[in-house]
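For clarity, chains are labelled A, B, C, D and E in written order, and residue numbers in each chain start from 1.
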Amino acid sequence: MASSKSSTDEFIKGLWNENPVFVQVLGMCPVLAVSNTAMNALAMGLATAFVLIMSNIVVSSLRSFIPKQVRIATYFLIIATFVTVVDYVIQAVSLDLYKALGAFISLIVVNCLLLGRAEAFASKNTIARSTMDGLGMGIGFAFALFCLGAVREILGNGSLFGASLFHDSFENWVVMILPSGGFFTLAGWLLLFNWLKQRRAKREATTALGLRKEVA
Amino acid sequence: MRLLGLKTFRHGVHPPESKDETSGLSIRQFPFAPLLIVPLVQHMGAPSIPVVEEGQEVERGQRIGRPDGFMSVSMHAPASGLVRRVALAPSISGRMVPAVYLEPFPGSTQEIEDGTPCPLEATKDEIIAAIQDAGVVGLGGAAFPTHVKLKIPDGKFVDTLIINGVECEPFLTTDHRVMLEESRDIFTGIRYLLKVTGAERVIVAVEANKPDAAEHLREAFPSDLNGSVEVLQVKYPQGAEKMLFSALLGREVPSRGLPLDIHALCCNVATAAQIGQLLPRGRGIQERVITVTGPAVKRKGNYRIPIGTPLRFLLEHVGVADDVNRVFLGGPMMGAAAPSLEISITKGTSGVTAFTDTAAERTHSPVYPCIRCGYCVDACPIFLDPSMLGRLAASEQFSTMADEHHLMDCFECGSCSFVCPSHIPLVQRFRGAKAAVRKSKAGAA
Amino acid sequence: MANGGKTLEIRTSPHILSGYSVDTIMFNVVLALLPVAGFAVFAFGLAGLLTLSMAVASCVLTEHLICRAAGKPSTVGDWSVTITGLLYGLTLPPSLPLWMVAAGGVICVALGKALFGGLGYNTFNPALVGRAVLQAAFPVAMTSWIPGFAAGRFSSVPSSTLTLPFTSPEYDAITSATPLALWKFGREATATSDLAMGFISGSAGETSSVLILVGGVYLIARNMMSWRIPASIFATVFVFSGALHLVDPTRYASPIFMLFSGGLMLGATFMATDMVGSPMTSRGCYLYGALIGVVTIVIRTWGGLPEGVMYAILLGNAVTPHLDRWTRPTIYGAKGKEAPT
Amino acid sequence: MVDDSLWTIFINASLVNNFVLAYFLGICPFLGVSAKLETASRMGGAVTFVMLVSSICAFGIQTLLVAIDAPYLKLIAFIAVIASTVQLVEMFIKKVSPALFRSLGIFLPLITTNCAILGLALFQTNKGYSFVQCIVYALGAGAGFTLALVLMAGLREKLELAEVPDVTRGTAMALMIAGLLSVTFMGFGGLGG
Amino acid sequence: MSHSELATAPTPAPPSVWHMYRAMVGVGVFCGLLIVSVFQVTLPLIERNKAEALQKAIFQVLPNASTSTTFSFDVDGGFKLLEGDDVGQPLVYAGYDDAEQLVGLAVEAQGMGYQDVIALIYGYSFAEQAIIGIQVLESKETPGLGDKIETDPDFLENFQSLDVSVRGDGSALANSVVPVKHGEKTEPWEVDGITGATISSVAIANLLDRSAQYWVPRIRNNLRNFQGED
């Protein structure tokens, strides 16, 4: 299957059909924890995407060099290294952002998406393909985080990227910024996806039926 | 367990009793139908083997079927007449069963020939054989061959015999009348039963709504018998033997065990009366007392009805309302709905209740989802969780029901369905589930 | 014969029913709640009436529309959603902006009930789901109270009630603290008679303990409600807060105060008893009540919030499956020796 | 050094700032292993245990890293040491108590790569807890994790027999329950303060 | 699978131990190099960021100060200028004005709030014997509610001059810092609470009280440590 796909397909699948958050439900912790504003969500998403792309590249380029027995340990080493790099870079860029993301930058290490892609994809594919996979998955992840962060910030704070959207008397839905709001928002997105999927399935079923009728 | 002075069991329900209209009516003899259809299987176990042929003339009380093995009993002709056919006939279960079609002679008398008596002095085995030969099965409803129950295996013993005169089922008053009118037979029967089982004492159990029966039996209680008459609280299903054991003896039959495991044995009063009546005379069962009642019945009463009387004849004779639409053999709690009027009365039939549309209480009520009200949990005398069982049944998780929720311990008393405000047909689901479990077990074996 | 060609109906036993039905039970709960609602309207005037009407209307309408959208017959007729609406309305501050009331009503039914499968399948009490989410969403509005029996309450409404949708309410200078807040943040106890009769500020429905008890007794007498749950809650609260009060009366409020203040009466009588979220076994009900009682007192005494009944009941709902499992009775005959197979 | 009382630390880690419901740590096992009560409670036990072990490890590593002044190795060292310690403990349990191994064992490797464990190590370091405080913190976090998981499992088992609409079935429903549990736990706000 | 099949199946070459070492060490070296170089590059930036943030906070709470110096505190030895080996000792920051006169001290304090620990820094003025400003460093209080402790002007006004004068014998504060209900503040050592965020505002008052009870007497008893007379 995979071999018949072009690199562009690898990129596209991560964005939509195999979106790590909405479809595969991976790496939930950072998704929920740091999506209380669009800015945090996007920063976290990009940080994760960076680590994902870099580790995919390194893993796929070293794939013949690393024996099976020690692969998980090396993957962890590689991922932890890039996370440490990101951690320091963000600290150097903005202390405020670093504070907002808190320990969740470090926690990218244990995000199952990273180990999962390293093990399931990068260790078996070429550098080019793995890069595209990392890009697709990473951007898909960042996109999903942004979707969450935007909803939560707009409702919870009446703003997007810190810019006020409504007039002053807008009443914030504080719950959206609270932990429970994270659960509810993600649940809402999943409900939407389920609903779309079902509608499409139904429509396909009816058109298939229609075709069969025409044939008959 | 004792509440408010009277003994009873825990949980259970209080359906309306509806017994007043017939409890005061004495037992009346019922005429012969033009054609009696006597099924050869009226009990749990193997069908009897016919010993008559088409065209043969039989005497009332003559044996027409012999037992096929130990789990089977004899059948006797309910009337003198001509055997028209030995063929299949419809039964309450909907299945066709072998039966003897008997056309009574016009003017056939109710007289019965006596056979070889079995005196009280006979040995245990002789008495057990005589009971089998008399065709006695449990008249309490289950129609389990009584002699099987009485055959105590080596190493087991019975200390208490319980005679079940509770009659907790609404509408029915047969046991009530039998206790009032046939106490002599009952006590004779008890003597036989005590002898066979070796029990030290007997307890006759009566529900508090039959004070006259309790009073009568107390007075008639022979002074040489070790035992008593106990009055129990009115509650359904007080008459189930398990509930009697816990109420009277404080003992519980082990799950999937037998009453023998707790050294007790339970017989219905009518069964005891039949034994007391038949054995000394060497006769077999030809008829039994049946309450015919219900809002749709015009001449309600307690009738002594020949076995094999077709339902249609019975109802025509007592008269029913034009819009009758449901007829139950037994009472409304445990009785089975008659699929047609072509089936006939058997030894297990303790009552016939007929309802019209208007009087029907189980109207076309909407079924709601289970609201977890717990009424069923508070009702189940076996302490099951009918709500959980019902939900599991709805998603067809039959093996979970059996393995984790004791499905097979449900004895289908119907208390849970009765109380359920969501009108979920719980017992119906449990019956289906049990059948499925048995089938898969049989398939696996 | 009479029944000549007619077919008989074949159903399996039992053929009679007790006469209880979900809709009659629910309808009776509505009846039992009406006096409480009536008193709320009497105490808070137009504001109370508008709050309650909006709460019921939004809940009922949401249920109706969701049923329609799912292509199922509307289940509004079983009255359960009316109870949800009424109880939800009774837990709200009477001056809450109507748009918030409506939003919470949608949350009650959609998030609290319909998305889990509707009647009987919700795990948490829908009315409290609505209230809890609303409290988290609009904590300030949800803790701004007006005093009851204000003059002119039948001719005007607080300015906050008619706030435009999605905008912040403006409060007149008339907000006042509830008895529990007075105690928690000022150690001021309110007179018991005022508590019992409802001459206090608070949620629309928490003001009249007596009418709540009357409704509860009515339902218990008709066997439509578990007496075990409220009894266990009251006993636990009384004993626990009584013990604390004995230790230090200045720090810990009296048990009578604890029983009659806040949402305890309404919650214990009408909300903890919602069958859908409470245990089915009797031992389970006692434990459930005890848990609710203890958590309520813990939150009231040591927590950050002045009132904790709502959270205690929601926690009770969450623990219910475990209570049901732990307290499942031994079945008949399982105590004795194993049966020979 | 922080002067929080042990009681405060425990209540805070288990209820007020429940690792799952307020900090969003360990969501994957929370969603993945909460469908059956049996596995959920065992998983809870296993996580609590690993938390304790890794809390002790992390305390040691942090002390060491401060001594040798190599903060940049923190993450790698945490991951490596926690993973190998858990591995060792796993082998030890397998030897000493096969029964315990059977009930906890299968979860252990899974748990090591779970953010609740690493999160605990990072948080206790950030907060600057003493050794005893670290242990109480780990126990509180473990208890809170187990509580959330077990509550969730009970509710999901109950809903398994419900006629849940198709759109809600699966992860969406689990998230909704988690959200409602999270709202419920907000009632504990301010406790232990 | 039968034995004969097993025997004929191609067995993968056993991985040589050398390969494993090579991989681990190779990757390890690569990672180590990467981390250390990134660390080296970012360290000055990070330190500068942190220092700036701290400076900003100190000057926020000590408005008259223009420079600051960090002191560490030793229970036996009093306050000392911070040196490399004082890690683990509590720190305070002394602020000096343009004339290099000591204006006050900035002290960090923390305590449990509504959701989690609130950490803040406050400025203590010698002249006024009062807290003259606070700055919240870390708080997870509810947005729109508890976070009013950072934004509510009425509340922050409490800390323009919050009396923490010491008793005559210098052993303790003359009056504890106490929280009161909103609008009921009458004494200079009282903190006027925030309606709707009582817990958070009470938490601030309490943590300030605890910290000031500890630090203010010690600071006053070791005053000369800060004036270079040590």
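By our rule, a residue touches a chain if its C-beta (ideal position, glycine included) is under 8 Å from a C-beta of that chain, and two chains touch if they have at least 3 such contacts.
These numbers come from a predicted model, not from an experiment.
Among the remaining chains, those touching chain B and also chain C are D. Counting steps between touching chains, the shortest path from chain A to chain E takes 1.
The interface with the greater number of C-beta contacts, when A-D is set against D-E, is A-D. Among the chains in view, C has its Cα centre nearest the centre of the complete protein Cα set.
When every chain is reduced to the mean of its CA atoms, the largest separation from chain D belongs to B.
Of all the chains, the one whose CA centre sits at the greatest distance from that of chain A is B. Chain centres here are Cα means. That of chain C falls 44 Å from that of chain E. The distance from the centre of chain A to the centre of chain C, with each centre set as the mean of the Cα atoms, comes to 40 Å. Computed centre separation for the pair chain C/chain D is 33 angstrom, with centres defined by C-alpha atoms.
In whole angstrom, the spacing between the mean C-alpha positions of chain B and chain E is 84. Looking at chain D, residues 22, 72, 76, 163, 167-168, 173, 176, 180, 183, 186, 189-190, 192-193 sit in touch with two or more other chains. Looking at chain C, residues 111, 115, 117-118, 120-121, 133, 136, 139, 304 sit in touch with two or more other chains. Touching two or more other chains at once are residues 31, 35, 39, 114, 142, 144-145, 199 of chain E.
All chain pairs that touch, listed by label, are A-C, A-D, A-E, B-C, B-D, C-D, C-E, D-E. Across the interface of their complex, chain A is touched by residues 21-28, 31, 72, 75-76, 79-80, 83, 113-115, 117-119, 122-123, 126, 166-173, 175-176, 178-180, 182-183, 186 of chain D. Residues 166, 169-171, 173-176, 178, 180-181, 184, 191 of chain A are the ones touching chain C in the complex. Of all residues in chain C, those touching chain E in their complex are 139-140, 143, 185-186, 304. Partner chain A is touched in their complex by these residues of chain C: 100, 111, 115, 133, 136-139, 141, 166-169. Chain E makes touch with chain C in their complex at residues 114, 142, 144-145, 181, 196, 198-199.
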